[in-house]
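Attaching a single structure in structure tokens format; questions to follow.
Which chain is which? They are A, B, C and D, in the order written, and residues in each are numbered from 1.
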Amino acid sequence: MTSPQNTRTIKVEALTRVEGEGGLFVRLVGDRIEDVQLTIFEPPRLFEALLRGRKLEEVPDITARICGICPVAYQMSSVHALEMALGIEITEDIRRLRRLLYCGEWIESHALHVHLLHAPDFLGYDSGIDMAKDFPNEVNRGLRLKKHGNQLLEMLGGRAIHPINVAVGGFYRAPRRDEVAALIPDFEWGLQAAVDTTRWLATLDFPDFTRAYDMVCLVHPDEYPMNEGRVVSTTGSSWDVRDYEQEFHEDHVAHSTALQSSRGERQACYHVGPLARINLNRDRLSPTARRTADEIGFETPCWNPFRAIIARGLELIHAYEETLDILRTYRPPAIARIKYEYRAGQGCAATEAPRGLIYHRYEVDDAGLVTFAKIVPPTSQNQRQIEDDLRDYLPHILTEDEAATARHCEKLVRCYDPCISCSTHFLKLTVQRDG
Amino acid sequence: MSAKPKVGVFKFASCDGCQLSLLCAEDELLTVAGKIDIAYFLEATSHIDEGPYDIALVEGSITTPADIGHIRDIRKRSKYLITIGACATAGGIQALRNWADHDEFLRAVYARPEYIDSLATSTPIADHVPVDFELRGCPINRFQLVEVIVSLVNGRKPKTPSHSVCLDCKRRGNVCITVAQGVPCLGPVTQSGCGAICPTFDRGCYGCFGPAKQCNTGSLCQHLLAQGTLATELVPLLRNFNGYAPEFRQQSEQLVQLSTEVL
Amino acid sequence: MNVTCSPIINPWVCHTVRIQEITPEVADVATYHLSFDDSAIAAAYRFQPGQFNMLYLPGVGEVPISLSADPSSSATWAHTVRAVGNVTHQLARLRVGDTLGLRGPFGSSWPLSMADGHDVVIVAGGLGLAPLRPAIYELLRQADRFRSLTLLYGSRSPDTILFEHELPEWSQRGMSVQLTVDRASPDWAGHVGVVTLLLDRLPLSDPQRTSLFMCGPEVMMRFVGKSALARGIPEQHIWMSMERNMQCAIGLCGHCQLGPTFICKDGPVYRHNQLAPFLNVEGL
Amino acid sequence: MFLAKADLQILIDRLANQGFEVIGPTVSQAAIVYDRIQSVSELPQGWTDRQAPGEYRLERRNDDELFGYVVGPHSWKRYLFPPLTTLSTADLTSNGWQMRAADDNPPKYAFLGVRACELAAIRVQDRVFLEGAYVDPAYQRRRQNAFIVAVNCTQAASTCFCTSMETGPRCRSGFDLALTELPDGFEVEVGTPAGEELLSQLPTTSIAEKQLNDAEQRRQRAVDQISRHMDTDGLRDLLLTRLNHPRWDEVAQRCLACTNCTMVCPTCFCSSVEEVSDLEGQHSERERRWDSCFNLDFSYVSGGPVRRDIRSRYRQWLTHKLASWIDQFGSSGCVGCGRCITWCPVGIDLTEEVAALREGTP
């Protein structure tokens, strides 16, 4: 046993500027890192349990409520999984509308995170609102971009948070052409603004910290990944989504962070999110995003987690450009929602939430009721990676000033834009508050 | 209220969507932020002030033993406590456990349920401490949130309309989808606030703003049953995001009883 | 299809008025003396006792408030207001010199001429004295037209007696003023009890030639009406002023209906028999 | 006069050329609603409606008539008395608050397909908004320029009872032009000089005797199909003296107080005025919104609402519509269109309620 004098703990009681509530706990003995925990005090809401027995039509509405920041990710993953279970083939029109909806969420989420949640770390502010005093243009631009995302979600989904228009088989109602066209001018402005934002992000000061990550995301032969693709790792392996659970496991571990995901036999941690996507899909970014990446000299593969903020900027550009393309060529589809018959079966799907890969699997019976649900959100996949990163990063930043150390740690955590509410359904409550 | 009221934003079991609504008020955010002192808002700022607060916005429902102490503590430190969203005002979707076997629920999700310290019920904040104002919705309407904050800043009592979704639906010019398409819709018994978006998108309202004042849920259900909607369809319709709100809860329990009697 | 209409004068638009003076009355009640910014409007503005204005605080709302001062004054117009909700509380926060909006006057008035040669009894409860005050001034000014003037005024407690400083003057000028309170304070020597009791005890020399004007809480008016009828005052000589939610004051919003009438245009002052069939119906 | 079917488009074009925004029936959300139209092709050709208490279904006809249905969920009040109207604005200046009338430049409307009960309903609202002591400027601006092309019903729904209210189905006045649809065209009647003027610009021919008879027969068909009835004899006095009838409790068990009946009713005019203001407190607008006597807060006074239960609110609606309206505006507030019956989500039927209120002692 080490004597208490040698033991130090660094605690972030409440992580801020992240979604949901969690903390950080580090125990050091001398300079040796004994323990790093991303602690979660989000109470569990037991979604997988309460979904059982519900009509499958309700699943996109209910799973949306797992997270108020990325409800579309849950809706998209659940409808795709259920469509696989029911054997529904969606049309190209519906597929495009779904990408459009996802673009809305990416824009909303990335604009918020980049401008209001993460940039303050690099510039030394407590919040985006505080930062607005000295960086009014950047913050206002961020708010405007975020608003565009919301407008898109409202036009197509009915509202920005927990859209109501997503259905198994398509949409309850396809938008009218005039509703769609009305957004074009704002998005034309926004595309340029997203480029400006990305250029600005590239000028921030990034810690010199790289790691040999195993990054995982979807890859689709001819599009930047959103709604479908193979699961691919930067190590070179790839899997069909149907084999996801064979490779990626969730474990319920005894300390504060339970049910973390890990990969393969070795139970290794892995990294999901925008850096993974850019690293594996750079050449499928939209032309302006690709051009901007070249112009700012963004090198891929990029192994510096702090630079994820630039990856988000580039994805923002991509989402704008793809949105514009869909808006400009939109014609109301002949069928907004594909009819189907109930049948017993199971289906799974993986899509790309703003924060990374999200996986759903459902089993349904022939009365259209859910009998089993499994949901793996991005943050649970990143959680172990975050702890691993911290273990590696801490020696670089350890000083006597524990508050400063804690701030550095938080900044690293925020690189993942963690979404703690999402992860709650499998995270444990009790926090080990001291060594 | 003092020149710049101190506002705290707190969270219990929830999805974060309601507090995010404040950040989603992009046009109003900076103006509103200029009128208040954001003293505690983890999602938005690292600045933490332990209070006391003039206004507490509370999101989420009570689902763990620790929550109970925490909400009491917040109540003590706050002058005016507003609950925001269906989780806080009615227990949220997680209140479905209130009708289920909680241990079985835990086992279904967790490999090691013994690590989990959670209550068998999810209950609204008002079951635990006095609440000064409720803002309904799953999620809340951001304009209503801004309006409530601005009212309080200006020393006014906040007010939100208490009528049914139908009124807004008809103001918008929608056609009633129950009457014209036979789609069950909770609009007639649901409080307005969303702008009647579901019927605008050709689907029935699922009651995410909770029961309207003096709503006659019994009559609506009886009529829908008579029209051929099954009790097994109505129960889940009532038991979702506001399922534990008294008016919806009583009705769904009656329906369950009715259908078991029939069997 | 063309319909011929009168030229558009917009009855929805308020004039700007300015607070000239604020007289605190009792707790939560103050009288606001208002003047019009536009002198032409001031010159044209006339009202009858019992009528009301819509007072508008932009950003907060608009409320009906009776005129409470002498109708012959043409410099300022007074409203005596109790702070009960959003608009009235906000009004209570305004200072001399602040502006607000005003539309009016609206509604019916106390038909004083119909009481010519009568014993006139005024029954007021609480703030109900405010809309009666312009009538009292008028009655006192023309006192010789009436056989007698009596004011029966019920207040919750001695410290909520409205216009207390004016009461002695009214007595001096020939009005019999009788007060009662629901709850007495130790130093209160007057009547205690509901105002109906004062009416029950009031000697009426000729009930047939007595006119009664009342304003106060609806229950009070119900009982006073009953008592007055029981004392032999004819229905057509009993007048009362009513209140309901009001959004427009011009008969277009539907809120202020009471039975078949609109309070904003058929009232607020009614002859008792206009309302008699409806007064005892719950929730009309 | 006779207007060929193919020439109806010319009527629409003429109106558009004269600067009218033409509003007519069109299909949306599984019902026939009134919306902006530019072409005959937007009319619900070949569609009809089947209506019953609490039920409306759009169905295919076996011909391609353009006006082969009755009234739907919308009424023209949506255009003359819009659901939202900004009445006035207030600005805080160095000179204090300055109020002025809100800008309001509504289009000139031409209504195509106005039915007899709807003409009567417009007449009822004219009395409310134009013929009282105060004129409502917003209504007046829309109403005074409106051009009305009426259409005589040639069929009736199960919910129609205009014959009881003596408002239809024949259009007798209140229109500029009135059409009766025939297989190949329309019998056109002129109601006003403006109608006459427009008609003169259309390629009409004189109408044959046979066509006239056919038109009359079709109109008679509508009369014959009307099955619903409301006994209006002494109704005002009856209702106002039966304010404590047990039937009010009974209907309150069913009524949802959802406001649908008042929203679809072409004569209901209740509204509330709300403040819409900027965050800085410098600018504010008064916005009038459709409201309903079924709402609890509608009768709110400090201390609480006056009509505290659904019973008193349903009673307010029915007694106002059928009784007090007569005192207030000189006619019944009901024109017998049946909308409140069809669009009540639980199918409450006022004619049935009236019949029940006639039963028993008060």
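The rule we apply is simple: a contact is a pair of C-beta atoms (placed from the backbone, for glycine too) under 8 Å apart; a residue touches a chain by one contact, two chains touch by 3 or more.
All values derive from a computational prediction rather than experimental measurement.
S.K.: Does A-B or B-C have the larger number of C-beta pairs in contact?
M.R.: Per the contact counts, A-B leads.
S.K.: Which chain lies the greatest distance away from chain B when centres are computed from Cα atoms alone?
M.R.: Following the centroid criterion, the farthest chain would be C.
S.K.: Roughly how far is chain A from chain D, going centre to centre by Cα mean, in whole Å?
M.R.: 51
S.K.: Measuring from the mean C-alpha position of chain A to the mean C-alpha position of chain C, what distance in angstrom results?
M.R.: 65
S.K.: In whole angstrom, how far does the Cα centroid of chain A sit from the Cα centroid of chain B?
M.R.: The answer is 25 Å.
S.K.: Could you put a whole-Å number on the gap between the CA centroids of chain B and chain C?
M.R.: Here chain B and chain C have centroids separated by 44 Å.
S.K.: Residues of chain A that contact two or more other chains, please.
M.R.: none
S.K.: Return the residues of chain B touching two or more other chains; collapse runs of consecutive numbers into ranges.
M.R.: Chain B, residues with two or more chain partners: 154, 202.
S.K.: Which chain C residues sit where two or more other chains touch them?
M.R.: Touching at least two other chains: 59-60, 85.
S.K.: Go ahead and list every pair of chains that touch.
M.R.: The list of touching pairs comes to A-B, B-C, B-D, C-D.
S.K.: Using the touch rule from the top, collect the residues of chain A that touch chain B in their complex.
M.R.: These residues of chain A touch chain B: 14-21, 41-50, 52, 54-55, 58, 61-62, 65-69, 71, 112, 116-117, 120, 126-130, 132, 139-140, 143-144, 146-147, 150, 158-162, 164-165, 167, 171-173, 251-252, 254, 258-259, 410, 421, 425-426, 428-430.
S.K.: Given the complex with chain C, which residues does chain B contribute to the contact?
M.R.: 154-157, 159
S.K.: If you look only at chain B, which of its residues touch chain A in the complex?
M.R.: 11-21, 23-24, 26-27, 29-30, 33, 38, 42-48, 63-64, 66-67, 92-94, 96-97, 100, 104-106, 108-112, 115-118, 122, 138-139, 194, 197-198, 200-203, 206, 208, 233, 236, 240-241
S.K.: Within their complex, state which residues of chain C touch chain B.
M.R.: Contacts found on chain C: 59-60, 85-86, 89-90, 93.
S.K.: Quick one: in the complex, what on chain D touches chain B?
M.R.: It is residues 28-31, 33, 54-58, 72-74, 78, 83-84, 253-260, 263-264, 279-281, 289-292, 295-297, 309-310, 342-343, 345-347 of chain D that touch chain B.
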